[in-house]
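We just call them A, B and C in the order they show up, numbering each chain from 1.
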Amino acid sequence: MRYEAPNSVEAAIDLLAATEGAYVLAGGTDLLVKLRAEMLEPELVVDIKRISGMKGITPEDGGWRIGAAVSGAEMGEHAGLTGDWPGVVEAVGLIGSTQVQGRATLAGNLCNASPAADSVPAMVAANATLRIVGPKGSRDVAVIDVPASPGKTTLGSGEFIASVFLPAKPDHGGDAYLRFIPRTEMDIAVVGCGVSLVLDGAGKVSAARVSLGAVGPKVMLVDAAAEALIGRAPKGDALEDLAAVCSAAATPIDDKRGTVDFRRHVAGVLARRATEIAATRAKGETA
Amino acid sequence: MALDSSDKPRTFKVVGTRPLRPDGIDKVTGRARFGADIVAPGMLVGRVLRSPHAHARIVKVDTSKARALSGVKAVVTRADFGAVPDGVADVIDNCMAGDKALYDGHAVAAVAASSAAVARKALRLIEVEYEVLAHVTDVDAAMKPDAPVLHAGRQDETVPEGYSQNVMSRVEFGHGDIDKGLAEADRVVERTYRTGATHQGYIEPHACLATMGPDGQADLWCCTQGHYMVRNTCAAILGMEQGQLRVTASEIGGGFGGKTTVFLEPVALMLSKLAGRPVKMVMSRSEVLRATGPTSSSSIDIKIGMTKDGRITAGFAQLRYQGGAYPGSPVDMGSMSAFAPYDLENVKTVGFDVVTNRPKAAAYRAPGAPMAAFAVESAVDELAKGFGLDPLEVRLKNAAREGTVASYGPTFPAIGLEATLEAAKAHPHWTAPLGENQGRGVACGFWFNFGGDTCVTLNVTPDGTVTVSEGNPDIGGSRASMTMMAAEELGIPYTQVRTIIADTGSLGQNEVTDGSRVTFAVGLATIEAARNAKREMCKRAAMIWGIDEEAVEWVDGAARPAGPNAGKHDPMTLKEIAAIASNTGGPIAGHYEVNAEGAGVSFGTHMVDVEVDPDTGAPKILRYTVFQDAGKAVHPAYVEGQFQGGAVQGIGWALNEEYIYGEDGILQNAGFLDYRIPVASDLPMIDTMILEIANPGHPYGVRGVGETPIVPPLAAIANAVSAAAGVRLTDLPMSPPRILAAIQGKKGG
Amino acid sequence: MSQIHVTTSINGDTTEFLCEAEDTLLDVLRDRLGMTGSKEGCGTGDCGACSVTVDGRLVCSCLMLGAEAEGREVTTIEGMATGDQLHPLQQKFIEMAALQCGICTPGILVAAKSLLEKNPDPTEEEVRYWLAGNLCRCTGYDKIIRAVMETAADLRRAS
């Protein structure tokens, strides 16, 4: 295995495109585990942390552009980002330990392509986009379009994610992410749910995005869940309907982390609870 | 050895205080040398190839390509070990598979190479031809007559007809007449309980460094709970004389019973022998989980009868423990301990030792007892609640006490069970209010406590300081405890004694650090060694003073004339006697060798509050209190630490930890990500109360305290969760999906 | 494959080493630099026994390549005491019996120090969550949490 730490995007693309079996190293919290387990035997590892801009969080069009190598801890310390998208920041903050937070990134969490990735449902709910760079130039893609199947993404040869863009926070909008794990920390999500919504002057939901993780082969955006909320106050029957829709939308499997029945049920529970938090935030209150 | 002056309580100067541990600075600075922290000149890296199958015949192992790889210095398979004595046949078979691989992760070959990278590559070049066989990992399935058989023809004659050959042996304990007792009951609870297999979960993986010369002399450095056991076992396997193998115990990064046998050590010695160079081997975490001893999973039937005023009329348990790929599950100790907290007229336990395609079970803290206590204490709780009785009162009413004939035979001397129950009843925790979805559980636990072969040598240096050499790895502060007992006995300050763990060349045989034996047995030997040294020092003083030895006594660190008839002499301190020892007969030492008896059984009672989220089944431990008899707490902080650590291991066992096997017999969670031991944020503080009911078998009244704290938590938590959820949980771990399913089943039913 | 030459700072000392591309920082510390205070309990970032800081950020040294340390500032357990002066956390851990076997202790001390530098007045819950990635199997965490809280209180009183 070779290790390279180029200092430009172009150099990184050249290295990745030229080498069969090249992998991008950002935080490395998944890559190094796979190396250690001999699940991967890369020819080349390209460390993108020395490329300028990869470690930056910058305002853009009222939203935030987050470099691909920005760690969860750095996001959590950024007041502006945390103020606008607390759900996304909390989601990335749930990945692993404090130590893992020191390195783990949004882009890495996405590219690892685990259906249970915590930050992905939150990014999908927030309608985040990615700037993907590669031999054919750069393109912007919605987060939901990147995971292909467990362990696989839609990124092409030589491509990598340069940044994540979180759009401007809507007025009277709020987001939240909740996951279920057996312990209080250090586990992979058994179910994850991201909610982003906007309230109108009457306190009714005018727009919503609800996403689920770990209950299917990849993250899912549940349109029917949004429909269950829109035009209604986010409480009571609306939440019960939302929960039922989310439980029905889930297509989980039985595995060492949970059962089908449990995941279906808890998908609904988390959707309800996350919606309550998002709604509280949309009202400008802390939750 | 009997308790000193049992008619009047003794006052202690050092014992019962909380001095700083002698290895503290090494351990907080990173200087302490654990198993993987040592190197040797010319050292090679040893690695193990492991079976990817749960059960397979090993048709052929071709190592030629690996041997040809540059940097490979030795390759070992089972053939290199040849025939070994019967007593270690299963041990070597577990370290290196013979005809069959018996579980996922079973060692099949090993290499020694110039680097880890070369060793890794070499393993991939070893070609193993397997004939995959049908497998079985569940204990009840393994007992069925048509189950795939691991070892044909090895079943013990105690097993009745109709069982698979996987049932290796059957044990039975008890007295009285169960049917008669059940007939006297107002209610009988009859249930089946199951527990998952849990791993000791020590944070330090197994590691060793072996060096063996062509002359047959060998040195081994390893993390172990018993380096004398390692020496004896490895010598037998390698056909060596025990005296030719010197084993030094490293600092040990946790064991909890899991390091009371060998895994890498004989392989490292063989690799070193063949390579002619030192070989270091360190397991990865997945190797630890796949191939070292977890505890048994169990399936237990209980039948207990009770009168409506809370008297237990009969207790019966049938315990089925799978011990992995070889005989020797702790079902015997489970069967003996199940009803130990109760004074019963009619009691019977039957235990089956069953083999399955899983790693061989190793000891885990009170081996066998927690599962049995889980079943019995759950059933007692259910009966008590069914009658509307206070579960502590029911236990007090039936409690074993001095004079009780235990279900496993002996008659108890003074024991502390009632004291822990009374303390629990009087504690504010017992009457604290509970909120919605919260429940409180209590349970009792018992452990036998071990003694065994023990040697201590205590040397007085020329400047009057003292060194204690003992042969038991210090797993949680025992050097501090030995130092304290030596200082207490000699009447000198704690800081003037230093205790070391001697290698196998320096002392006689020592039993492993297990069964909560060390503070008791090594402590006893330390006290006796100090007494021998004191006698010698009194003799020297007598010689100097020209009086009889018998006219000198040792008080407060000095020899003094025993009475007015002995003449007027100024006391001679230890320092003064030591300084002139060379002129009075030579160096002064005391030593003591014993097969220690009188360990004194141990009892504890745990109390826990749990909240259950009714929507997700997630349990949360809100409050936890441990009440346990320590006999005499030598270093109370370390006693509390044992209580807390054992309780939290029990919490893990109760809620989240388990070995998960797929249909293919492959372990699915061989890592700390999905083998979920408790993390700091899962827990509240663990409150403790130390009771001191002196052990009549120890001069200071000490009882071992390490094992008992893991016995009650499984049932205490199950009782609390069941109260909070409103439905009885009988299977461990009580994972959220299981709790939620029980809650939904209750609603549906 | 040729080895990679790395120049870095470890506990304030400029340090050079050669490593393979796949060597983790933990491999380098333990096997190439003889700094065995950082422990490998899992190799997958799940136990925290290998905790170090890199440019002031707490990380698992098993989840970082040695080559990535080029130009960084690494601190390990070996850099925690100053000469014969233990760090207050180290002293408190001994005094309060916050260790039994001691294998997790270096990682927990490095992590706890990092917490107190960021948050001198943490709640019990904050300490517990900060240290959730540091597994300890002996103590049940009780005395560890108490020792961190007490050290924090001592340091606040002293400042």
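Worth pointing out:
The rule is simple: a contact is a pair of C-beta atoms (placed from the backbone, for glycine too) under 8 Å apart; a residue touches a chain by one contact, two chains touch by 3 or more.
Owing to the predicted nature of the structure, the values given are computational and were not obtained by experimental measurement.
Counted by C-beta pairs in contact, the busier of A-B and A-C is A-C. Note: the chain lying farthest from subunit A is B, by mean C-alpha position.
Inter-chain spacing, taken between the CA centroids of subunit A and subunit C, is 29 Å. Subunit B has its Cα centroid 44 Å from the Cα centroid of subunit A.
The multi-chain contact residues of subunit C, meaning those touching 2 or more other chains, are 20, 22, 43-44, 46, 129, 131-134. Looking at subunit A, residues 36-37, 184-186 sit in touch with two or more other chains. Touching of two or more other chains is recorded for residues 284, 672-673, 678-679, 681 of subunit B. Those residues of subunit B that touch subunit C in the complex are listed here as 18, 20-21, 23-34, 36-37, 39, 117, 200-205, 251-256, 282, 284-285, 475-477, 635, 637-638, 640-641, 644-649, 671-673, 677-681, 683, 685-686.
Within the complex formed with subunit B, the subunit A residues making contact are 36-38, 180, 182-188, 190, 255-259, 261-262, 265-266, 269. Across the complex, subunit C is touched by residues 1-3, 5, 25, 28-29, 32-33, 35-37, 45, 47, 49, 71, 73, 96-100, 102-103, 184-186 of subunit A.
Partner subunit B is touched in their complex by these residues of subunit C: 20, 22, 30, 34-44, 46-47, 49, 76-78, 80-81, 86, 90-91, 93-97, 99-106, 109, 125, 127-129, 131-146.
Residues of subunit B touching subunit A in their complex: 120, 284, 286, 615-618, 655-656, 660, 668-669, 672-674, 676, 678-679, 681-682, 735-737, 740-741, 744.
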